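So, here's a batch of structures to check.
The same chain A turns up in both complexes below, where it pairs with chain B and then with chain C.
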Partner chain A sequence: MTATDTKVNSGKNVKEFISKIVHNQLFIPLAALLLLVLFNLIADPSFFKIALEPSSEGNLILSGNLISIIDNASELAILAIGMTLVTSASGGQDISVGSAIAIAGSVVLRIVKVYSTDISNGQFFGVIVFSFILCAVVAALFGAFNGALVAYFKIQPMVATLILFTAGRSIAAWINNNDNISINDTRFAYFGNFIPGIPVPTPVFITAICLVVIALVLKFTNLRLYSQAVGINSSSSRLNGINPKTIKLLTFIILGVCVAVCGFIKVSRTSSITYSVIANNIEMDAILAVALGGNNLGGGKFNMTASVLGAYVIQFLTTTLYKFKVSSSAISAYKAVVVILLIIMSAPVVRKWINDMKNKRQAAKASSQVGKENI
Partner chain B sequence: MSVNSNALGSNKLKRRTSLTDTNLLLIITVVVFVIMYICAVVFLKKGFTKPQMFFNILNENASLLVLSCGMTLVMITGGIDISVGQVTSLVCMACAVHLEHNNGNVITSMLIALGIGLAFGVVQGFLVAYLEFQPFIVTLAGLFFAKGMTTIISSDRISITNEAFLALCKTEVTIPFLGSVNKKGIFVPASMEIGVVVALVIVVLLFCLLRWTKLGRNFYAVGGNNQSANMLGINVKLTKFLAHVLCGLCAGIGGYVFFLHACSGSPLHAQGAEMNAIASSIIGGTLLSGGVGNIVGTLFGVLSLSTIKNIVTSLGLEDPWWTNITVAAMLCLFLLIQSIILARKNKNKK
Partner chain C sequence: MDKGAVLEMRGICKYFPGVRALEKVDFTLREGEIHALMGENGAGKSTLIKVLTGVYPMDGGEVTLSGSPVHIKSPQDAQNTGIATVYQEITLCPNLTVAENMYIGRTSGPLTNWKKMNNSAGKLLEELGIPVSPTEQLGNCSIAVQQMVAIARAVDMDCKVLILDEPTSSLDEQEVQKLFNLMRDLKSKGVGIIFVTHFLEQVYEVCDRITVLRDGKLVGEYIIEDLPRVQLVSKMLGKDFDDMADIKSDSAAESIDLNGTPVYQAINLSGTTGIKPFDFEIHKGEVNGFTGLLGSGRSESVRAIFGADRVTGGQVKINGKTVKIRKPLDAMKHGISYLPEDRKLDGIVGDLSVRDNIILALQVMKGFFRPFSRAQAEKFADEYIKLLNIKTASSDTPIKSLSGGNQQKVILARWLLADPVYLILDEPTRGIDVGTKVEIQKLVLKLAAEGKSVTFISSEIDEMIRTCSRLVVMRDGKVVGELKGDDLNQNKIMATIAGGESK
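Then we have the complex of A and B:
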């Protein structure tokens, strides 16, 4: 204890400590989160109220803004996982995730629709698993298509994914013949809402599973090292025996699986699908989450925790804006301002400029001190 | 070039490769368009034989043409601008509110359109060129800002009743020697809207800019190789900035042309126009990596894109998803062609 006390007492160490915190990658999302929390505390403390209330079906469920933030951020957090990997390895972002979610959701609904509502729980579980596996395969295939364009044909990721961005929602509509499908089986809605008897929304558990899986993968495999190496310098990583093409393809396929999970949650929330609206603009939010996590959008090193935290911050921002009665389509204008501020803060030119200013000030101080001594 | 033709063999080789790089893509586009149109005339016949069909395609896509020209400029310098579609929507909405609710006149609405486009161009250009952000992220933010602003101004569709503006909308330029005979045997000359004239003027202006002015050649130099352009004494930042400003201006003008065609403002206007503009530029032979591109190619890119859409609808595939899927497939095809050409070019260098 005394050792730390002396450390804190000496001013230089405090400065070092602060700069260590400021330069930590988690600083930006945490600071943004704190800012939002403070803002809400001042504006309306009841924002943070959590209540255990019976739902319309008679189950006890948790309700409140915080719960809805954690619940609604699930898709974004899952997407942020895949988007971070893609960003790291290929130095670009996938803008087709929203369309791909529409495709995945459409596949799930098409499978589940076929079976009648009076099958037993076991059979129903089988149907769900089958539909999920199929939609994961389809989404992974579309991911592989994007990945192949990026890795083998060397097209910029954002432009390569533009193809699926244009066609995705149309393909989704085509899968179901443009029918408006809705599933009447209440069991299907468990995955996007609540399982009876459990007061926490199911997407939270699904997100937790995904996060644990990706944490284990990053811990026990070389995925992190390899994708960072490819992102930093793909030709030198090739000389070191990594195949950059395979790694890029792999990250896009992982993103595809993430997309499948998101699509599954999305359609389960409403038990239906609207092809042109489902997961609208989610690609922007996913990219924003990665940027907010302080990751370099040009590829290279990444911090998964920061990205996922970024996703929750964005959902916090969205919910706060909704609370202040901002219409859903006008929200994008506010988010754009946040993006611009973020990229200005993280720009190398601006950082260099700030450093120069700091150095100049220090130099001026030093010279003035020298002047005083001379007098 | 003819002077050099009897020079060394290596010079000849150079000349040939430069021809394949820049002009091959253009030739492919033109050939694809011509074949497509001839096939449509021969097999479909539904109106494709009439010249008016061609001008209808132009009428519907005049604003897309202007947007694509701006996009081509930015893409030649190696950037991209995906905000143009939503800027179009914002321009329509702002002008509509100005004309309807504020009783403005037509001239000031034009100035508003230009102002909005210029503002977006200057801000985005500054962020991209001088602060060195990735153009995609900056313009994505611009896209969402414009989208949000459009709905903040008004979330409902506004139809125009201003008489001076409606008169301008309905002004059509007739071409006396082109036309077709209708069922009653009366000769109906082909006509096009005033927006098409504006679009074609912009095409010509930008073509001249790229072909014969110093600034235009600078665009190619910067897009081809940033560093060597810098060493040649070209102000790279200023050039990139000007490209974005011009693109913003084009977005403003394109927005007004769209407004002239639609005669209304709505948040749903020009949805996905940026993707169509990028697709047309790519189909027109503009390389994404910068340095290669041609306004004439872009013109043919727009024409090919809209012709294929028309063909798809007249084939009876009226479900709305087919056009999107064909456009995506076409984009994919041309991207692959580009990629192959680039790969071959790199091989030649080595």
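Then we have the complex of A and C:
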């Protein structure tokens, strides 16, 4: 083999490698993330500064934009897990997650408020565990309610979850008799902020646990295969022995558990709850995360990593906009512009168009070569 | 230019990623002729049609319509230039009415005169003898009627070129005759018809000319009288044809112990899908079949056996032991496999890879909490891709990008992998090429020889005669007869299906 041959081959390999990356589903969210990073690097490198400083309570904690992005994206990343599964199996989205987070948070506060006065660390830990389990059960039940409407009554997911979307915040307020609860025990704030002595925000650890759990579930069960099969062709899945209704219900219940974790983090962040504001519009960001990950919102195949990355991209974008002093009322508009670009880039039509262009060029090349041979 | 040529295609090329679907294909259609486009699955017939109708842009070549070059960019474009198409898969909207479907995309201006539309639709349907009201919702009609509505739509568009892509695969004999009359009618009016089908008899019944494609290349164009059937088949396959009549020679039909306990036995099995309660049994190593016209209940019967639809009564015994089969998983756990009639709707999981499609049934039987390792799945997939000679780029390829015959093989692989004792194949040979048809029939007999029991259903009676040793004949949801031995011949079967005298 001559040197030129090798060169040609390696050139081809590089080309193949690049096309492989570009066609990977992770490409869009990763590219978006990279663009955001580059933009910030050029505009203001101090954006990435991370400092270890004492907090108001005197603990050493990490601070900086990156930390706040990773911290604040926690709820979204956890929701994206459940939303991806629901999307895959049912071909629709749950728009009630924001309201359901209010309910879950309300349940936690109610329990903690009643039992948390003047108790030892051990007892407090017990109360926290109990409140979390209860809120997980409640959120899973509401998830099951949504899931049952979708799976058994065949109502479109968005319509089915509209019910809880509308009613959820009232239910949340009703759980605490519409009181403005706030928890004075500082230990409760550990879960949404920092545990003394640990410089990394606690939600980051909680998210990591959730991601590991879902990774294990996807590895050691057939959840991926089943929900994809049901989402792509429910009739054929049924004839292969899968019960599509059970699978759809299951994904909604899993989303319910994700909601519970988010609700717990949310109320711990502020040690209080405002029923009409907590997790407002988070459902749209969660759906967006799934879409940004290049997942088909019509159901079927999904890429969990891409969805979770999508969640971080959204938070990165939000933080960047805040950083550049975009007023909070205008932030949605800016976000929309970026989102439109990303969504169009990842749209199957556009990808197909790009592919077609490439094929055409190849064909032209092939035919011109044939022409030369004829001469 | 050929004299009287209404459509000429020259040097058509079409590439898909990694595949040359069409390589310099020529095709000529003359005025007032019925021209068969033949080839195995994946030969490029459907691609050629889709290029012609603007579904795919072509990557090279030119199209001339009535002498002037045309550039067709979209299906709408094709319609406007006088090329009408009826596709293999029904592409109408099931949620609209029959009349709406016939006129969709063809009304001028923003307003629609519903009454006029329904009236003219009704008139045309009556003319063509299609038994459906124009205001009926299309989704409620049988597949056959839907297909005929699609043809009516095409006919009404005053087309110069009418393309029929596998229009007969879901029609019964009478409906096919009606369609043929219609085709001859149009032919006499000077319409050029491109007819794509897998049914050789039908080609020789109505066509004037045949163009054969193989592997995306043109094999040749022939006048029908010059090309006997055997030669056509060998041209399509590109090799000398295995005589299909030989298939059954090594069958061990005689050695089946019909007096022993049946592998599967149903007594008074009934369901909600409009079939009368029926008895049925199958023995080890036996191949039997359900036959009857479209809608006679043959598919519904096997679906009841598999528990695919709700079963309302009856008793089921597996090897003499009474069992309950209420849902597909029950049947699967008792060693029953079912390859459904509608491959696209009930068989494939389109976006999933060939590998996932192959392991699906076995995986479900193994259980939700016990997924196969990637390596294991890979091994299964590779084994069956090799065994059944499935043509796919890799086991990672989505099944929907395979040709029909190869998709069917994947589904077959899925159920073979599940290692059933009793295998139900409902129309496994529909819409696939001759070569694969023969392969599947051989496979059925091989499985039987290995001791499996098989129920085989096909619209083509000779396939049934070749493979089955016993036929259950159905009419209007009822079992009306059972034929075996010397009774297994075309005449006797036809007579039993039709009912009456020859009993």
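In this text, the second predicted complex is superposed on the first by the 327 of 375 C-alpha atoms of A that agree within 3 Å, B and C clash if a C-alpha of one lies under 4 Å from a C-alpha of the other, contacts with A are read in each partner's own complex, and residues count from 1 in each chain.
Simple rule for what comes next: a residue touches a chain if its C-beta (ideal position, glycine included) is under 8 Å from a C-beta of that chain, and two chains touch if they have at least 3 such contacts.
Given the structure is predicted, the values throughout are model-derived calculations rather than measurements.
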| item | value |
| --- | --- |
| First (chain B), second (chain C), both or neither touched by A:Ile340 | first |
| Touching partner for A:Ile209 - first (chain B), second (chain C), both, neither | neither |
| Which of chain B and chain C A:Gly298 touches, first, second, both or neither | first |
| Superposition-derived comparison: chain B or chain C, residues of chain A touched | B |
| Partner chain in contact with A:Leu60 - chain B first, chain C second, else both or neither | neither |
| Touching partner for A:Arg169 - first (chain B), second (chain C), both, neither | first |
| Which superposed partner A:Ser332 touches (first chain B, second chain C, both, neither) | first |
| Partner chain(s) touched by A:Leu141 [first = chain B, second = chain C, both, neither] | neither |
| Chain C-facing residues of chain A, complex | 219-223, 225-226, 228-229, 232-233, 235-243, 300-301, 355-356, 359-360, 362-364, 366-367 |
| Residues of chain A that touch chain B when the two form their complex | 92-93, 149, 153-156, 158-160, 162-167, 169-171, 173-174, 178, 281, 284, 287, 291, 297-298, 327, 329-337, 339-340, 343-344, 347-350 |
| Chain C - residues contacting chain A, complex | 13, 15-17, 57, 59-60, 306, 308, 327-329, 332, 338, 340, 345-352, 356, 360-361, 363-365, 367-371, 414 |
| Chain B residues within the chain A interface of the complex | 80, 127, 130-134, 136-138, 140-145, 147-149, 151-152, 155, 267, 272, 275, 278-279, 282, 288, 319-322, 324-325, 327-329, 331-332, 335-336, 338-340, 342-343 |
